[in-house]
Amino acid sequence: MTTAAPDHAPKYAQLSLPDRIGKAMPLLLVPVLVVLGFLSIGSTSSWLTLTVSGLAMGMMIFIMASGLTLVFGLMDVINFGHGAFISVGAYVGISALLALESWTGVPSLLLNVAAVLAAAIAAMCVTGALGWGFERVIVRPVYGAHLKQILVTVGGLIVIEQLIHVVWGPDEIFLTRPEMLKGAVTFAGAAIEKYRLLAVIFGLALFVAMRLVLKRTKIGLIVRAGVQNGEMVEALGYRLRLVFIGVFIAGSALAGLGGVMWGLYQEVITAGMGEEMMILVFIVVIIGGLGSVEGAFIGALLVGLLQNYVAFLEPKLALISNIALMTAVLMWRPQGMMPVVKAK
Amino acid sequence: MSDPILELSAVHTDIAQYHILQGVDLTVPRGGVTMLLGRNGVGKTTTLRTIIGHWQARSGSLRFNGTDITSMPTPARARAGIGFVPEDMGIFSDLTVEENMILAAASGPLDPARMQWIFRAFPPLKTFWRAEAGNLSGGQKQMLSIARAMAEERKLYLIDEPTKGLAPAIISTMASALRDLKAKGASILLVEQNFAVAKALGDTAAVMDDGRIVWAGEMAELASDAALQDRLMGLSMEAH
Amino acid sequence: MTQMLLETDGLTVRFGGHVAVDAVSCGFRAGELTAIVGPNGAGKTTYFNLISGQITVSAGTVRLMGEDVTRDPVATRCHKGLGRAFQLTNLFPDLTVLENVRLVIQARRKMGFNLFSMAASHTKLSAAAMAVLERVRLQDLAEQKVSALSHGNQRKLEVAILIALEPAVYMFDEPTAGMSVDEAPVVLDLIAELKADTERTILLVEHKMDVIRSLADRIIVLHNGALAADGDPATVMASDVVQEAYMGRDLADV
Amino acid sequence: MLMNLISGDRPRSLVLTILLLGILAALALAPFLFPGVRSLETAARICIFIVLVASYDLLLGYSGIVSFAHTMFFGLGAYGVALASTHMGRGFDALIVGTLAGAFAAAILALLIGLFSLRVRAIFFAMITLAVASAVAVLVSQLSGFTGGEDGLNYSIPRELTPAFKLGKLFGVTINGKLLNYYLVFFASLALFLLMLRIVNSPFGRVLKAIRENDFRAEAIGYRVVLYRTLATCLSAAVAALAGSLFAIWLRYVGPATTLSFEIMLDILLMVVIGGMGTMYGAVIGTTIFVLAQNYLQNLMGVAAGATEGLPLIPQLLDPDRWLLWLGVLFILSVYFFPTGIVGRLRAEN
Amino acid sequence: DEIRIAHVYGKTGALEAYAAQSHNGLMLGLEYATGGTMEINGDKIVVIEKDTQIKPDIGKAVLAEAYGDDEVDIAVGPVSSGVALAMLPVAQEYEKILIVEPAVADSITGENWNRYIFRTGRNSSQDAISNAVALGGEGVTIATLAQDYAFGRDGVAAFREALESSGAKIAHEEYVPTDTTDFTAAAERIFNAMEGIEGEKKLFIIWAGGGNPMGKINAMDPSRFGIEIATGGNILAALKAYKELPGMEGATYYYYEIPKNPVNDWLVKEHMDRFGSPPDFFTAGGMAAGIAVVEAIKKAGSTDTEALITAMEGMEWETPKGTMRFRKEDHQALQSMYHFRTEVQEGKDYGVPVLVREIGIDDMDIPIRN
């Protein structure tokens, strides 16, 4: 048996207080923003309405961004096709809902939510399958090359959007939500759309599930390592291709889920709807820090809240609130709030 | 003698348009340490990469542990029992030391007893367990790279220049760790420029030149024959 | 006493809480080759990084020929005479070997902002670069892409770049690691040649004892970031700190 | 002499040389070879976009900087001319003042963006430029009193550059101001292109390549990376603005959709990649192919759809209204089949 | 010989759905006005389609191509105002007629107008003013919500101006970014502004494109503050959102069941037969343009531009919306608009706009701005 090598004790100095607080800072941002909002808005009922609906909006954005956190954040693939998956998800989901008229048209919460779930599952299956094809045909040759990713995935985006036109026709499709999800609940002078409450539940569940999967399995590690040095990951015995495909499919399926939720919120769907959300979704992933589910979650809540507060206090500034938020966060933390993966 | 753990016959490998390996015949006996020696640029690294599957052999065959692995993909070769320490160390620099090790144990959680053994050979890994691997010093990275291959039991280890950048104290603990591996029944194919280490560790040796094996035999024979060394590898090993 | 070419005064850097280089004060004279030894992770490379500016200091100063350069950006320090080769090979992988060196010479001659002349017409630069390649015997590979070079040849190119810089302070970080026994002497002879120039100073990080023995005029030992010993080679090599912390057991009894 | 003109940057492929000469000849003689409104329109657009794409390649291909704000600079040049022509009235002085002001403003803006944000990671820089560009687009739309908002600006240029100025006929082609305008565009584009060819083949160009490869090492051998990147950004912005000015002179109209939109940004990207990044000649090839496709794909598809009539689904996919679908396919295929661009491909075959 | 007409419009791109309607309408109009022969005085009508891709520069180029290379006599289009504005000078340069349909910006027949431009489509002022006529009245207080760019602001301005004479007053103007999807903040601001006011309270929404502010604000229960939502008409697909708002009032440009005249009857019947669906907004507009082309050529007796201009200035002709008249001063077609109230009807999955009153040409004072 070996004798131990000489041991060394590197020297450690005390960390300063600001250093230590700095780590927890992103977690505090949401509460801080809420309090600031209260102070500047004044009216309690308005503040309550804005806060709750802002948080719910954040959740919906998070659902759309969650897939991108996997694909862009972890796998380092800039996938503009994500926008098309959102649209496809919406079209499939809404078609399913229209077919489930008998569940959505009756005032039963159970049936209504079941219909939404069924639509979500249908959408996720289709976009997941689409993602699989996308990965095989479009993305595979361009891993590691951002520019080419942008181009091929924009190409894919255009193709899918056009195919939506071919399949569903060029007209926008209007729809109404299931009976029990229409209208708002009012309390304390504040009105909250019922649908937003459902979005909050979906968003939270998704957040918890993603966290668990990434914390409890090696998948996250394999992907991050694979992006840096795929050869080495394979030399350790992992079938990297399979993992990449799996994660990409998951990301696409989440885009589909996001599409259904967003379509139901908007009550109108167009082939370009996903594309329109892409910049916002990218902003959320970037300010959150690449690869971080927590970061994207906080980022999405910040975006949702800030949009509402700013639009109430100074509508003109709402035009640039997201961009300003991103720039500010990047000035403060050039890698985003809680990066798991280093940006290149 | 039992059948060799690894057998390459007439392996040719191309990198882009260059013909790098030009008919490599190499055997690694079971349970021994085989040194792969040679000047810079003769194809040692290419040989190891062909064995693990990062380069695909154009012709010839590779047999590992009795099965033909010539057309197996890399992960399958790894799972068949080949561990690899690449020349550039292949560290996942954005991951912590711990995460690098967790990944290295592909088939399950880390084995604490094995970790104790690894920590004894490479104490800095314990000290910097939670540090980002990319920030380690050059030598520490080298340690991590070797430790990763040792995280799980393998039948054959391919190790490319492990001692470069290591301080003498660590070289000696690493050498004994490799001997522990051998004692546990593993076989090792080791590329090394440090002739002292080669001499101390090797059971057999193969010398490459120009994409071919030009000499193969017992390490002791090579070590004791300065003229042979001079002929095979240029300057005499003991020169400096 | 001759003036110090390079001096560090209380040089310190902390990464989070970890003090990687701990108040190192040391001076280096012209015409001297100082070997820096220490266990892995002692802070040798980090010390180099602080001197050449790749990382910012937490405390302390770096002085080059009496001038404080602690706050200068890397490129400025390079122009002032701090030259650096890297431990982990760090080149321009998609350019040719010749272009790698040519760029260095172009930088030294401050021709980078020359927008409207044809680079190809500056034949003197290429000739100078070729001369450097000959010194490290890479002339035959001049037109190869760096990424196609074997590891050992990349190490030689790393040295060639430092030589092309012709700095006042040469900093070699394990120049011969991974170089084969017949190639390493080429580089070591080159370093010996450079040593003959009494205007300059050489800092050399090495783990190979035979190399240190044959080249060093002086050895300093870093241990856990701090300066643990400083003196002539024989005394330092024999000291306890080196024997215990660094050498461990002699290789002979491996 | 010729070598000097092209800065010693040989095409290094026979096919490429022939293609380039062909394109040069076609553009130089466009009004005589392809008479007609549409073809002259296309030729002018090719000239202008070659300059624009080449200026972007200076940034992307040679310096490795991914910016999404290139159309913003293009727009600055275009709006410079438009605003000068609107406020100073019709005249060459307005064109000159507008062009110079646009290029200057572009360079200053690039300087600011560069100094502020070239330090962040490449991918985030890309996002910041995207953000700045969209903020500028919002601003243009908001300041509608000044910029014409979404509608853009119509204005007049000197009569000598419009069809109303008639000089007679040559080889059966009417020589009028429009033709003069075309040659203004053509020669200005040629000059700008040769200028950029010189820049990328200068010592400065070599440094940019080195920085793209390994900025860390470039800094360590004595190049101030931030300064080089910033200067490259400014040069590229100024040239893009000049291209924008030419576009404005040619079109006599500017608006956000023609000069600032993200769509154009993507077109530019595609042209660079199809042609081959880091080769100025790639800009020529990529632009020519793309603009031709953009202009004539629809006609081609109409023919194809007619020919396949009766087959199931295919005519539907080949319907000229689905031309975007095929453009998307083109995006994908070009990256697939020309990973190093057409120029890279042609050179590799040598 | 032939009469060549170019339809220059955004066949591809975001407005594809509108483009198809417009084109069908144009063809139906030509067919109707020529009695199915597609000939005028024995000359065959040839329609050439050009795609602007809703890009102004392309629009300019293809219009020039149509006039220059294809030698068309009259051009019709486009859908988008931005594209239309870029196209106007081309008509002047080639001295040929451009009938703008259905782009709505006021400035097309306003400050950017030239004498070769006619417009059969309604302009934003007509929209805003008809809504003012429909919604205004003594004691009514109105808040507006519009997109924050030139069209939104101009629309509100025209609306405000027209409202002045009706006795109603505007309490609050809210502008939000064009791509807004969340209207909570805007609604809160409006509610806060209207909360204390007595009497009839309306929220008038001017909105182009998706986003559906009506539905979302309605979900926040504005009736808590006694506020009623009001907005103009829209294409059929968008009327789905109106189903949640029964009783809502406003003014619309066209709904196929409203106008009662032979042209519309023919249109509805033919459209149902050929496409299996009723005609929509842009179908009606396209048809009006098609009929105008034929009538003008008939009246002028040739396709000579000057003759056409003379013929068209002041020309009255029948359309699915009844009689239209090209005003001499700015060549804008004056036309009826319709005050409607939304009803939920059996068998229709959208809110049906039911006619309250036709707002005739003389009921609206559309300013001349060129």
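As written, the chains take the letters A, B, C, D and E, and residue 1 is the first residue of each chain.
As a convention for this text, a contact is a pair of C-beta atoms (placed from the backbone, for glycine too) under 8 Å apart; a residue touches a chain by one contact, two chains touch by 3 or more.
Just so you know, these numbers come straight off a predicted model, no measurement behind them.
A.B. asks: Could you give the fewest steps needed to travel from subunit A to subunit B through chains in contact?
C.D. replies: 1
A.B. asks: Give me the set of chains touching subunit C intersected with the set touching subunit E.
C.D. replies: Common neighbours, subunit C/subunit E: A, D.
A.B. asks: Can you compute the centre-to-centre distance for subunit A and subunit D, using the mean CA position of each chain? Integer Å is fine.
C.D. replies: Roughly 34 Å separates the two chain centres.
A.B. asks: Compute the distance, rounded to whole Å, between the mean C-alpha positions of subunit A and subunit E.
C.D. replies: 38
A.B. asks: How many angstrom lie between the centres of subunit A and subunit C, each centre taken as the mean Cα position?
C.D. replies: Distance between chain centres, rounded to whole Å: 47 Å.
A.B. asks: Roughly how far is subunit B from subunit E, going centre to centre by Cα mean, in whole Å?
C.D. replies: Once rounded, the distance between the two centres reads 76 Å.
A.B. asks: Of all the residues in subunit A, which ones touch at least 2 other chains?
C.D. replies: Where subunit A meets two or more other chains at a single residue, that happens at 3, 5-6, 8-10, 165, 319, 342.
A.B. asks: Where in subunit D do residues touch two or more of the other chains?
C.D. replies: Counting only residues that touch two or more other chains, subunit D contributes 142, 322, 324.
A.B. asks: Among the residues of subunit E, pick out those that touch two or more other chains and give their numbers.
C.D. replies: 16, 148
A.B. asks: By the touch definition up top, name every chain pair that qualifies.
C.D. replies: A-B, A-C, A-D, A-E, B-C, C-D, D-E
A.B. asks: Could you pull out which subunit A residues touch subunit E in their complex?
C.D. replies: Residue list for subunit A touching subunit E: 43, 46, 49-50, 53-54, 57, 165, 169-176, 182-184, 186, 191, 193, 195, 265-268, 270, 272-273, 276, 304, 307-312, 315-316, 318-319.
A.B. asks: Of all residues in subunit B, which touch subunit C in the complex?
C.D. replies: Residues in contact with subunit C: 15-16, 18, 38-41, 45, 87-88, 124, 128, 135-140, 142-143, 161, 164-173, 175-176, 193, 195-197, 200-201, 233-235, 237, 239-240.
A.B. asks: Using the touch rule from the top, collect the residues of subunit D that touch subunit C in their complex.
C.D. replies: Subunit D residues touching subunit C: 4, 7-8, 198-199, 201-207, 209-210, 213-214, 216-225, 228, 231.
A.B. asks: Can you tell me which positions in subunit C touch subunit A when the two form their complex?
C.D. replies: 14, 16-20, 22, 39, 41-42, 223-226, 244-246, 248-249
A.B. asks: Going by the contact rule at the top, pick out the subunit D residues touching subunit E in the complex.
C.D. replies: It is residues 36-38, 41, 141-142, 144, 149-152, 154, 162-164, 251-253, 255-258, 298, 320-324 of subunit D that touch subunit E.
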